[in-house]
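First chain written, first letter: the chains are A, B, C and D, and each begins at residue 1.
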């Protein structure tokens, strides 16, 4: 029964990966308290995975409606840039002593950044739900232009932030755990509750599985699709804040580059089909953790950078195969045949 | 006279030749459901063999096992006495088994002609000969009485046409065994007659035909022998001529065969026993006519429906009559806002009201059960419960989710009321039998307690017994004040049930008749002549 | 006279360095009264080829570009030559069978940059003659010319001292975020064993410095940090004592490019290789240099 | 009925509007508008050679877009094409420069490798019911990774045949094209034939329209799916060969993001990403649209990097919206 659960396989894959780490990387599970917070590889992994988890949460709902959003990376760049520029400040050297100043109150800056992300989402939503463009082209437009906009704001420079409280979002600790984790947790809980307690989950699935039936049953398909893109961008915006706060700067050129691919990968690894319909938020979070654990493992193993990609792809293939019921039956049949022939041999 | 299955071979009426196709001891288990247990079936060359049984009895599953869609858990399939194990429909086709499945399985994006010919195109210089394909397709359809543009994509045509295309496709194969799973569920009598003509000819050529239907008339019109299934088991195999209708129904539902063997054959008596009486009773005390619930004036859409006037009153059952493609479905869709009307106006309760989308219609208290359950109704991966509450929830809005306990209670209530055969209300609707899916969709609209319900072929694929119960249920609702617009390809059903009838012809209204004004014959005359065209 | 028209195909805008390079060229063109046709290749060689073809079609006077990749330029440069348009390379070299296809190459030498970084480390190591120094390296994008060359030059030089050992080398894609992420993993895996960090650019170094601080170590003291480029952020880090040295790789090629273009059009002979004047800036001079930095 | 009362021109016009290729026609018309706008704004833009350059520079993209078209028509996706292209250039360069194999053999090997790579992914997708997106994404990592295993830096190709293919200019009225253009156009023609006149091509449409139905109709769904990925892999490899003609080098960083360009081209060309609807020929118009946008920007020559991106996005937006609105007006 337990093995049948859709989350069993992603979780098993994650466990397997961690087992490999346990065997190959000394001290991988070592945790210590440093400066009043936990410190160790596992903490790094969840910390780095936080933006990806957020992006994957947003992407899950988009995919559930049979859509796709490839502008996530650009939105990350935009929101990080807006926040960093507004919080920003510069370093002034007064008699050889560096001094840091913030430009506008941080709350404003954060609100502006999230506002920009919401605008991006609304734009995507309008193109997909309003005009009926195919999601991939609709979001391609923002993917290309969005990063350009972010670069335009910064003139292509990396905006360094000097304002300490801002760093808390991406690098701070609360009760010994990374603050980013609390943000992800809050978004996850809010989303999960919304899906459970309101009809949103039901409607999203319906729209993903059979949009015609949904419309005839009186579901507001267009509004729903619009909202889903807005939500996805909002998640990406939050992720952008985290990323820029973590590196204490906004890098419009590189922030969130290809994050959309990782997010989609996380969603699919979590067991949600790109064909829309049934989705699993927990699955996507687990998928994101799988990806980050894998990346971290590659770094920790000391592999040459040339083989990174080969290893990564091999693991993705293996994880997928381990999730395939067909593979299991085929494997079982092969083993049965091997056993059979062995017995045949002894007779 | 019923013949025990095992003895069937020894009766004089059994064909002398060996069976082309034989199934022995077939078992098939789905998670939580034993769909088939130890089922046998024999199919002889040159016969039409009808498979009958209630919704969920296992007919479609048996056919899918037979044609390689499912692999049986146990049992054997023999073709010409040799065991076969088709692993796919492709293989079954190669073995000479051609099939029309219950749900129309065609590709909506391809043209009609291509849907008929895909997989066995006419070729010329090694390439597909589109010209030849189109003309051959047109000729094939013509034989079934259908004249349409075969180069247009299939999606453009209504379900009934799609069903005809699916049948044409199956007929086009050089096969020895032809299997038709409820091919007639949305066809009109004239189409059915044409189809039967073709089937008879094929039978004369020695083809073995396995046929599934819920229409007793059709069963008796064409079949040589009948196999009755009940609850995944074979109840028995009978020669058609020796089984009375009532006995057949009793065997399907598992009632004792107390009427005995000397039951008179004519259908009228059965009709009386089955439904007319009940319905007639339902309408005997029809309440006094109230002011119209919905008034439509000049409602039309270019290319789909000429401007139509229509009014419907609370407590009234209005039937829409017409031939295939006469515009009934279009009229229903316009009323419901599923398509946008480009002329005309609608008033609800005497006040003008814009209905531009299904949401508007639902808000105005209208429900619409579409004829195409696969594409416009069922949300296959979702559970029976979710499918039932969908429209109700959509009307309630996003935030006010119906409490889970209430949802379950509601779903269970309808499962009981409509006799939906399902393992639980949490089963995905996709794993229900066709007829049971249809009941779930009906439940979806009943659950919204609409003031007016549009039923487009609501009993499509529903077995005789359940059909009676459902129509009863609907009639009862109607009596309580619901307005009902009823569309069915079974003319007799419409005639029997409706208080008033609107006849459509060529996408135009051509007459309105009160109950009792018309009989089957005169309706056909109206449709054919179109004299009283408005 | 008609103003000189130069078509310039830039790699993209992937880093601050690159942006400074673009700005320098645009400003210089404006000052020199040259009409500049600028095209951004978004990091794709095929886009650069397209841009060069369009420059040929527009009959510009000089074509200049910073090649994304070294190889694969023969055909399009031949077309330029056939159209009698001189070609000037900036920043990165190309690998063509016939060197007459371009007039000159202005730019830094990545291998040399790597060597300089190595030399600085050698000198530093000389101060503590018997200590073993464990180095971790943050490489640029796998396969990119700066990554390959900076690694090569560095390794070449430090081979002279057997006590210098690269214990980990991983790509940080030239970005802060990746630099930080990879450094975090290095720190967990190697811990206090790390003595030196060599980053192929300043951005990765800045990211890594944050990781070092978060691990409770002092960048610049506990771990010596060496990087390349010399962008403003690096100078800030040096002033704060977190970065030990940055090897300059100057993006300010604009004025030189304009001069060369004029010379070429005027028919004056120009050297085949013009190396930009670049320095090595250790932390000690950072505060003094900072006000002079343009990028 | 209604049509009776319309005059013949109206009838023909309505037939055109209703015809399934109307969207494609819109695309072509918009492309013409785009070119005309360029011609009006920039001197030298409308020379024939500029148009030929569009083909020369995008030949490889056209080939991979053709391959991906089929995959998308069948309801799948192939993200690995850019990487397979890069891998093909790498393998070709390596075999030529390090192993000194004859060039024709090298080309054959590369094409087979590409097709094999695609077929393997197709088999995973079909037999193990894996999602095409994940499988081909992993394939994308794998192919790129393999490039670096061969060599981290680029390998210059000096083989005479490749050099000749690179530098030959086939004269056509108004300018010249490269042999790569001919190969790409031939591939396109072959693909159009396949898509329209062969059972394989039609089976792909059926699978894309409704895989379940295609299976029930007795089509060889599994074989078609494996073959279509093999075809796409083969096209990617051919794209790689063209790319190595074009660049005369093998490199792991070649054609980064080309898969997205190809998918965008196919979708802009009117093919539905969900499968079943569209034409292979749309790939050409899509590629030309993207190429024209880039050429416009190169001719403008004043845009900074970010404005380049913004303008590309803006032009894409205008193009797609106009295409969509006109298409919708017809429906």
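Convention: a residue touches a chain if its C-beta (ideal position, glycine included) is under 8 Å from a C-beta of that chain, and two chains touch if they have at least 3 such contacts.
In this text, all values refer to a predicted model and were calculated from it rather than measured experimentally.
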item: Comparison of A-D and A-C (more C-beta pairs in contact); value: A-D
item: Chain centre separation (chain A, chain C; CA means) in Å; value: 32
item: Separation of chain A from chain D, taking each centre as the mean of its C-alpha atoms, in whole Å; value: 30
item: Distance between the centres, which are taken as Cα means, of chain D and chain B, whole angstrom; value: 44
item: Whole-Å gap separating chain B and chain C, where each centre is the average of the chain's CA atoms; value: 73
item: Junction residues of chain D, two or more chains touched; value: 148, 152, 304-306, 308-309
item: In chain A, residues with contacts to at least two other chains; value: 151, 156, 305-306, 308
item: Chain B, residues touching no fewer than two other chains; value: none
item: Inter-chain touch pairs (all); value: A-B, A-C, A-D, B-D, C-D
item: In the complex with chain B, residue positions of chain D that touch it; value: 1-2, 20, 193, 196-199, 202-203, 205-206, 208-210, 212-220, 276-277
item: Residues of chain A defined as touching chain D within the complex; value: 66, 70, 127, 131-138, 140-152, 156, 261, 264-265, 268-269, 273-274, 305-314, 316-317, 320-321, 324-327, 330
item: Residue ranges of chain D touching chain A (in the complex, touch as defined); value: 124, 127-131, 133-135, 137-142, 144-146, 148-149, 152, 260, 263-264, 267-268, 272-274, 304-310, 312-314, 316-317, 320-321, 324-325, 328
item: Residues on chain A engaged by chain B in the complex (per definition of touch); value: 197-200, 202-203, 205-206, 209-210, 212-220, 277-278
item: Touching residues (chain side chain C, partner chain D) in the complex; value: 7, 10, 12-13, 19, 22, 26, 36-40, 42-47, 49-51, 53-55, 57-59, 68-72, 74-75, 78, 95, 97, 141-145, 148
